[in-house]
Structure formats: structure tokens, C-alpha cells
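Each of the next two complexes has chain A plus one other chain: chain B in the first, chain C in the second.
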Partner chain A sequence: MSATTISTDKVVSSRKMRLPLPTALGIAAFCAFVIVVAPLFVVVGAALNAEAMFFPPKQLTLHWMVAALTDGSFVNGALISFTVAAVAATVSTIFALPVALQLRKAPPTVAKILTLSFMGPLLVPSVIFALSLYSVVIYAFGVTNLFVLVIGHVMITMPYPVRTITAVTENLDPALEDAASSVGANPWRTFVSVTLPLIKPGVIAGFLFAFITSWNDFSISVFLTPRELQPLPIKIYEYLLYQYRPLIAAVSTWSVIGSAIVVLIIDRLVGLNVFTGRRS
Partner chain B sequence: MVAWATRAPLFLPFAFVILFFFVPVCWLVATSMSSHEVGSAPVFTGTLAHYARFWTDPFYLETALWTTVKLSVLSTVLALIIGYVLAYYIAELPPHRRGFLTSMVVVSLSVNIVIRIFGLNVLLMSGGLVDSALTFIGMPKVRIMYTEIGVLIGLVQIAIPYVVLPLIGVIAAIDPALKEAAASVGANKYKTFWAVTFPLSLPGVVAGTLIAFTLNAAAFAIPSLMGGGRVRMMGMMAYEQATVQGNFPFAAAIGISLTILSILITAIYLFAINRTFRTARKAT
Partner chain C sequence: MTQGFDIELSHCRKTYGDIDVLDDVSLQVKNGEFITVLGPSGCGKTTTLRVIGGFIIPDNGRVSIRGREVTNLPPYKRNIGVVFQNYALWPHMTVSEILSFGLRIRKLPREEIARRVDEALSMVQLTGLKDRYPRELSGGQQQRVAMARALAIDPEVIILDEPLSNLDRRLREELRIELKRLQRSLGVTMLFVTHDQEEALSMSDQVVVMQSGRIQQIADPRTVYERPANRFVAGFLGSANFLAGELVQNSRESRAEIKLGNGAVVTAHAPSVKQVGEKVTVIVRPEWLVLERQGSGLPTNQLEGTVGDVIYEGSAIRYGIKLTHEPESPIFLQERSNADVLKPGDKVRINVTNAVIATE
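Then we have the complex of A and B:
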């Protein structure tokens, strides 16, 4: 099947060729692509199963997709995940703003210290960071709570807005800000009416990156989640440890749809280049 | 005054990172050198007993340390090979046709790791699609789930998008004139690839493999959901020691060992890349 899709594409692009054969690269790339997307299709397929879980499904039904939306426990988990992700992404984006803006102007030594303190957390595996935060919290309070979970999420999401905002500030003309302050605008005014509009794409991309990282996080949450307020990934994980039913596939399918929508929004707003690191 | 006003907003994020990152990590190091008694909080004594226990017991060395190093290095190499092929194909397409493939890779990356593992499990379980296909073409029945192979497949699948995305940008940015130049002096496609494209794509290779390796070395969800308790990696072991056994000092010692190990392997890797390509440049 790979061969046909790829070769028809080629026919469209260069009509001179008659009956083009798929290249070895094309076939290999198709296989790689299948490996990347297979789990997603399997989850969606399994959610449409009537009875037990199979892929491909034997008898189709939307029953589980509806059931997933009315299951209080999973809806609750999704709400907690959404709230934590929204709060964590907002805080980390606000924290990242001054850091990224200072990185641009700072003398080399200061810039080095800044990079090290804010990118340093990437050197330590997130499981280990979660373990250290967890052991402090358990020592100090005996239990963990939602507040600690948000702190953990802010920490692991912060490098993303720092990076995306730094990327846009590199192209920023300092003369514009100088012009604003020369006509008497104070630093805050300059920031709001000159700098912020110019770096907006980087800020939005950073926020969405942070949101998606938090929404998908597993290793931080598994340590820091309070028993009674579990985010969705942890709920799914605990469910999967003991049973496999189409309901969990349906819950997962809704989550996949949600992720796809966020990716679509990012694409519309700033383009997918933010992911591939290319500046348009 | 103005300098102060622009730097003041930095105070909050700085305090945050110090308080909630550097302090806890230092705390973890201290915990790893504390005595452990069941039912009471760790007391700092400066002991290295927990490290000695991990680094001398053949049980931990073989089951945890060796499994972790082997699986994380192997999965990074495999993810690089598979990811490179896909990234190369996407980057060679005209820009307006890269969208669909790129966005599917991004969607895959942005779907929760637990859900992707779940999909893989359904695919790989006995009686699943892969199992049936292997039986259909007459292969002997092999167990994939709950084995090292299963965990390896999981690690590779999760890591591929992290390798593909930075590579697309880097490969697409290579000036086509360079390839034409190589072709004009008689280099065939393979020679051109190894002499021009691959060396120029190294920044992307390094960026992607570093993320993939760091993630996989500390993998936790994959061995615990796909290993069925049989494949033990260090991240998972640290979690069990802390939350199930309540042995924080030993968990901390495993965690710190894992961090040092992952930084060490990263450093060796970067050093090797640097050296290989500096000598290559000298030779030409």
C-alpha cells in the first residue's frame, strides 16, 4: 500500500514520469512512519471494538466513546490534568519572559549563569528531579499535594518557553525599544507596547509547548500526585496495570483527539517550524 | 535605576529554580549519604554504604545497571537510524508537502506516553496483530510482551519523534548546491550522503540523540508497563525503593548514580563526535 500512495504523489508532482517505482528510501520512510503512528491508530481502532480489545476491531460501536465521556473518574482526571497544565504553563511562561529577555542583553558571564540555572534542570532526568522534590516534601509535610505537583510541572516545562522566546528575541531590533524609552516610556510601558507584541509568537509557542508537556507528563506526576486528585495519565496508568478494556482505549482516543487539536492550533498560530527548529 | 527595574523581574524565577530545583537535588545527594532505618526519617551521616551496595552487588549491577545502559544506548541508536530515514524523506519533499507527515510526527510526540505504550501493548500482545502476522508468515511463536525485546521496541517507538523533528530542520537547511557540487565531481548518491549530507546534519543528530538517550536512560513508564516486572531499569527501581519500600537513602543513591551515569555517557559521546569530526576535517 505504501508503494501506491507514495508513487501517486510523485506522479502528481512530476507528470513526466510514467509508472514510477517507489524508491528504497520511500519504502523505508513509509515503514518508519508506520512505526511512529501505529500505536495511535491501534488505540483509536481498539476504542471502536464492541466486545474485548482487538486490533483491527471485529465489530464496530461508538458505545465506549460515549461511555468514556460519562465516566466521572476519567472526566475528573482530565479536568485536573487540564487545570494543572494551564496553571503550570502560565507560570512557566511568565517566569521565562524576563529570563529570555535578559539573556539577549546580558554580558557573557551573566548569560552563562542564566542558561545554566534555567536549562540545567534538563541535565537531571525528570524522574530523579521528581524523586528529590518528593523526598523533600515527604520529609517536611508527610504528604504531597496539588501545589507541589504544579511546582514540579512548572520546573519541567520552563525550558520550553525560555527556548522559544529566546529564539524570537534574537531577531528583535533593540533600536525599537530604545526608541520607545527615548520618547519617555518607562520600562514596563516599553515592554507591554513594544517588546511583547514583537515576541508574541515565541510566547504563544512556548506556552503551548509547556501546556502539552505538562498535559503529557507522567514521571513527575507519578511521584507528586496526591491520592485523591489523580491527573488523567496516572489514572490511565493505574487502570492499565490491572485491566485492558475498550473503555480505556476510548478515554485514550479522546486524549489523542485533544492533542491533535492543540497541534493544529500551534500550526495555525506559529507553524510547525517551532518543532523542527527552523525559522521561517 | 533602569538596569535595576529591568532585572527585578528575574528575581522570582531565580528564587523559584533555586528553591525548588537546586535545593531538592542537593537534598537528594545528602539523603543518599544518610543512614536508613525502617520507620524513621533518614539521618545524614556521610555514609557511602548505599552507593557501595548498588555498585558492588552483582544483582543490581546485572539486572538494573547493565539493563539500563544496554537498553538506553541500543534504543537511541535504533531510533536514530529509523528516525533519520523518515526525517531525510520529509526534508527532501518540497516544503508545502512536508506538512502532513511532520504534523503526524508532532501529534505522535504530543500524545501521552502512557497511551502510546498502551497502543503498542495491544499491537504486541499475544494474539495481537504483530503476533498473528508473524504466525501467518510461518515464524515460530515468540514472546514479545514482558521481555527485553518488548521494552526495547517501546523505548525506540517513544524516542523516534524526538530524533525526527530536529533532523528535519537541519537536513532541509543544507544548501542543495553542496550536493550538486559533490555530484559534479563524480560522487554517487551514497558517497554524497556520507561526505556531505550526514556530516552537515550532525547538529540535528546530536540534538535528537541526546534527548532520546536522556529520556530512555531514565525511562520509567515503559519498563513498568511493558516489562511486566521482569525488565528492571534504574529509574523504576528508584521509584519502587522510595514509594514501596520507603528506603529513601537507597532510592536517592540509585537516582544520583543514574544521573551521573547519564551525564558521563553523554560527555563521552559528545567528546567522541567532536574528535571524529575534527580529525575528519583535518584529513580533508
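Then we have the complex of A and C:
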């Protein structure tokens, strides 16, 4: 009986010892979290205002959230954004695949330099990049259209799939492909049946990053968008030039929700059929 | 001319920068033979295997499989089963998907594929694990799946790259016996790469000993152990004493008498003809030395010395013996541990029962 009491005491005291005192690292992480998440709260809060935009909101209403979904102009912009993002992300992922696979075979120093150069579009200020692209396009074709806009988006989104696919191919054991070749698989068959399924997480993650980058892009679109086919960020910008109402915060909130859903869906897909084979 | 050999390499050379990874490597493997390529890491044994498999194209030389030249063919156009060191099982496929992959590429009928997968699985005693993923298998089971994958495609030869090196000792010994039994019952030609001399000696029909990209000796296990061609082979396979001496007489066929530094005379096997008066190195394995407890006074093959180190090794006991009038480091002698144990400082007389002259 007494033995039990003693052991209970020990449990209690050890529990007390484990009380989570915030460490410097924990505090730093919390601050970072607040800084990242705060803008989301402000946007959502502003969207719930009844009259003018305030934060925190004075009177709560879902009126603007509903209005955002029924506003033809914004819905149209969202559709264009979605199409452009889907096409641009697909194309840049398809382009990134051979790049990443070839980088893996290059000598290490060459690979390092080339990997850095593929990050190029991230290093040039995007406004300058967009302006140069605009000048070239106008000079060459005299007009800008949706095709040109997609090309611009492919260029700025490609670094993401290149990076993510390179990261997974680095951990891919070449013997797995050698083994496929040894049982008779030609290079294409090896790629489809062995390489691609094993690098799928990197491919999907890269596509996802590219999609979101394209969806949210402003500076490329503002130069290359044809007048009649404006993507969502341009619509928002133009609206803000003339009006300042919670509708715009509501549109942004929907955009954030949409992005989050895309992330969740793809994360779910990746989690379901890819990681089963990868994590051993 | 190349007919009759399942694997034939002739004068293969491969250079990376200044390093000769393969330096004029030639070897022939007969049908149904189990050949081991043995050597320390970096000796070129894995490169040899990769040249046969088609993963590396040699700079010079020819590779033939069953009389067909394949030197420049990619792996998928050869018909060679490969077992990789880390097994290289595709993590996203089940065991039966892994085994049937090569058969599906060959567009065999479904029933045929199912039959051959079952057959390969029963050969490696893994029936019932068809739907497992590689990560759900133990190391030994993964090794068997890798073996079954190589067997399933009905290859002309199978090449294995240190397939047992990632397993613990007991399992390794078990699989060694099993692999050898499988090879013998199927009559399939195998080339096995290893750095483990025990594996090489216990499994092979022929052992190829390599060092720095060159073949040092090709012979059956007994010959490489008992008649090592040179100091490297003698030292790499088991342990060996090296005694310097001078050839005093070529006695019978391929035997010679050698006078050691301390005046003792030993008879040794001479693989090549040497001249009287030539300086030679005599290789003597520790178990070729026998303690002379009775003290019979034979004129030759007798050495005298003092016991230094006494090392107990379980089934055997090893003595480091300092030879009288011989400045070199002690020689080692091994005997069964059930004999009387000597103490350091004991004077002993040793009978040399076997010795070989190193060719270089």
C-alpha cells in the first residue's frame, strides 16, 4: 500500500517536472506563426464588416462573402486565374521533370551551378522581368494575349518544380532504375514504372507550388494580361483603385480558402498513394 | 571461338581520370559454374560485375554472354539477372508486382506470368508473401525477393553484387548454403562479387582474386588457398607467414629447397621455375606449421623458436613464435585448442608441413 503511494507521488512529481515552460525557441516559433497568420485574420475580419472596412470588425455579417461569390466580374477573374494557373503549373512541371532528371546525372559541381541558375526567375525582381517580357512580346507580336500570359507564368513558376523534383531525385537510389533495366525495361518503361512513381511527391509538390504562385501572381499579369481576360489579382487591384469596400476582403478570403482547399486535396492525394511506398 | 562460355570478358579496360579501374581483365565462366570475384574495396570487382551487366561500357575489350557479343548493349537488351547489394526492390510494388515486372515487359500470357512468379517464390521459399511491400519484409526476405526477381526472368546468367553483406552473420551463413544449393539444383551460371573470403572459398567453383583493377589469380578455392600465386592472394585469403630465403636446390618436379636467413632449410612448392641462388619469398600458412612435441631431429623443414603471444580463438589456438636467429617479426602457428597449451617463453621446435614459393 505504502509502495503504491510512493510511486504515485513519483508520477505526480515527474508530471510537474514536465510542465512545458516556454523556451526561447518556442517563443520565437510562436512569434513567427503570429506574423505569418495575422494578415489572414485581418483579411477575414475585414471581410465580415457590415459597412466600411475595419479591423477588428464592428458589426459582423456574411453579406459580403455571399456578394463576392455572385459578383460576375470576380467569378470570371477567378476562372481565368484558375485556367492560367492550371496550364502554367502543368507546363512548368512537365518542363521541370527532364531538367531535374538530367541534373542528377551531371557532375556535382556542374549540377550545383545549373540548379542555382534554374532559380534565376526568383532572383530577378518580377516587375522588371515582366516589363522586359512585355517589351519583347510587343516588339515581336505587337499584341499580348492569354498565351503570352501563360508563358510568363511558366517562366516564374518553373523554379518550384525544378527544386522539389531535384530534392526527391537526390534521394532516389540509382540501383532501383538499374534493377528495372536488368529485367528488360527500356529507359521509357523504367521512367514510367519506377522513376515517376517514386518521385511523385516531388512532382505534385512542385505542381502545387507553381499553381499557387501563378494564382496569386500580380506583377507578371499586370503587364501581360489582355484587357478582356483579367485574372483575379488584377480584378482586385482595379477594384481597389476606385472603391474601398469589404467586398474586396471577402474576395481575398475566398481566394485564401480556395488555395487552402487545393493544398489539402493534393496533400491528401499524395498522402494516400505515394507515401505508402516511400516511407520505409 | 567464344562458344562454350556463358560469360567471357576479354581484355576489358576502364579508366576514370588517371585511375585504371579495370586493367586488362579477362575471364571465362563455363555453363553452370559458380564463380566468385573476390577482393578488397576499390579493387574493381563491382566494376567487373557492372561491365557484365551492361551498366558500364568498357573503354576497351569485349564482353560475351553465351557466345553473343554484348559489349555495347544496354542492360535491358542482355538477359542477365542482377542481385544488387541493397536489393534495389521497388518500394511502391508488392512482391508479386516486383517479380512479374520483367515478365509483363516480355508480354507473356497472364497464366504464364502467375505460374513463373509462384515458381520463383517457391524456389526462394517465400510462398505466401506475394502481397507484401518490401518494407514489410525482413532483410533476409528482401534478399530472397531480389534473388527471385533475378530468377523469374529466366536469365542466361545471374550476377550478384555482395548480396549477403547487409545481413547478420548467422543469416548470412544460412543464405550462403541455400544460394549454393539453389544454384546447383538449377544449374544456372552465377558470378558472385564479394569481399568476404569465407564466402568465396565455401561457395565457388572458381575464385577470381582482384586487386587494383587487375586479376591476381583465377583458380578453384583449394588452389587459391593452398597455392596462392603471390603475397597479395596469400595475405587476402586467410593469414600467411612470409619467410625470405634463397633457393638452394630444385629437387623433384615443381618442388624446391630454400635456405632461410637463419640457416634452416625448407621444401616448398614452386609454381614457376626458379634458378638456384635466386632470392625468394616462401608463403607458409599458420596451420601448415606443426609443433614438434617429441623432438624428432629431421634435417629439413624444422624451425626452432620461442613462444611469444598465445592467442586463444575458441576452436583453435594461435602462437606467435620468434624464430631463433631470424630477425623478422614473429611467425604465427595455429593448432587445435585441445592440445597442451604452451606458455610464453617456451622453446619450441616446429615442423613445416607445407610451403609455397610466391611468384613475385
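Just so it is clear, the second predicted complex is superposed on the first by the 215 of 280 C-alpha atoms of A that agree within 3 Å, B and C clash if a C-alpha of one lies under 4 Å from a C-alpha of the other, contacts with A are read in each partner's own complex, and residues count from 1 in each chain.
The working rule: a contact is a pair of C-beta atoms (placed from the backbone, for glycine too) under 8 Å apart; a residue touches a chain by one contact, two chains touch by 3 or more.
These numbers come from a predicted model, not from an experiment.
**Student:** Per the contact definition in the header, classify A:A111: touching chain B only (first), chain C only (second), both, or neither.
**Tutor:** neither
**Student:** Quick one: is A:R189 in contact with chain B, with chain C, with both, or with neither? Answer first, second, both or neither.
**Tutor:** So A:R189 only meets chain C here.
**Student:** Of the two partner chains, chain B (first) and chain C (second), which one does A:A179 touch, if any: first, second, both, or neither?
**Tutor:** second
**Student:** Identify the partner contact of A:F33: answer first if only chain B is touched, second if only chain C is, both if each is, neither if none is.
**Tutor:** It touches chain B, and chain C stays clear.
**Student:** Let me test your reading of the model: by the given contact rule, A:I128 touches which partner, first (chain B), second (chain C), both or neither?
**Tutor:** Touch partner of A:I128: chain B, not chain C.
**Student:** Going by the touch definition up top, name the partner, chain B or chain C, that contacts more of chain A.
**Tutor:** Partner with more touched residues of chain A: B.
**Student:** Check the residue A:I236 against both partner chains and state whether it touches chain B (first), chain C (second), both, or neither.
**Tutor:** Touch partner of A:I236: chain B, not chain C.
**Student:** Between chain B and chain C, whom does A:V87 touch in the aligned arrangement: first, second, both, or neither?
**Tutor:** In the superposition, A:V87 touches no partner, neither chain B nor chain C.
**Student:** Does any part of chain A touch chain B in one structure and chain C in the other, and if so which residues?
**Tutor:** On chain A, the overlap between the chain B and chain C contacts is residues 181, 186, 276-278.
**Student:** Help me check something: in the complex, which residues belonging to chain C touch chain A?
**Tutor:** It comes out as residues 53-55, 74-76, 79-82, 84-86, 88-93, 101-102, 105-106, 133-135, 149-150, 152-153.
**Student:** Any idea which chain B residues touch chain A in the complex?
**Tutor:** Within the complex, chain B touches chain A at residues 2, 5-7, 9-10, 12-14, 16-18, 20-25, 27-28, 31, 41-42, 82-83, 85-86, 88-90, 94, 97, 99, 101-123, 128-129, 156-157, 160-161, 164-166, 168-170, 172-173, 207, 214-215, 217-218, 220-221, 225, 235, 238-239, 242-243, 248, 251-252, 255-256, 258-259, 262-263.
**Student:** State the interface residues of chain A toward chain C in the complex, per the touch definition above.
**Tutor:** 173, 175-176, 178-186, 189-190, 193-194, 197-198, 274, 276-280
**Student:** Quick one: which bits of chain A touch chain B in the complex? Just the residue numbers, please.
**Tutor:** Against chain B, the touching part of chain A is residues 9, 13, 25-26, 28-29, 32-33, 35-43, 46, 53, 55-56, 95-99, 101-102, 117-118, 120-129, 131-136, 138-139, 151-152, 154-155, 158, 181, 186-188, 212, 215-216, 218-219, 222-223, 232-233, 236-237, 240-241, 244, 248-249, 252, 255-256, 259-260, 262-264, 266-267, 272-273, 275-278.
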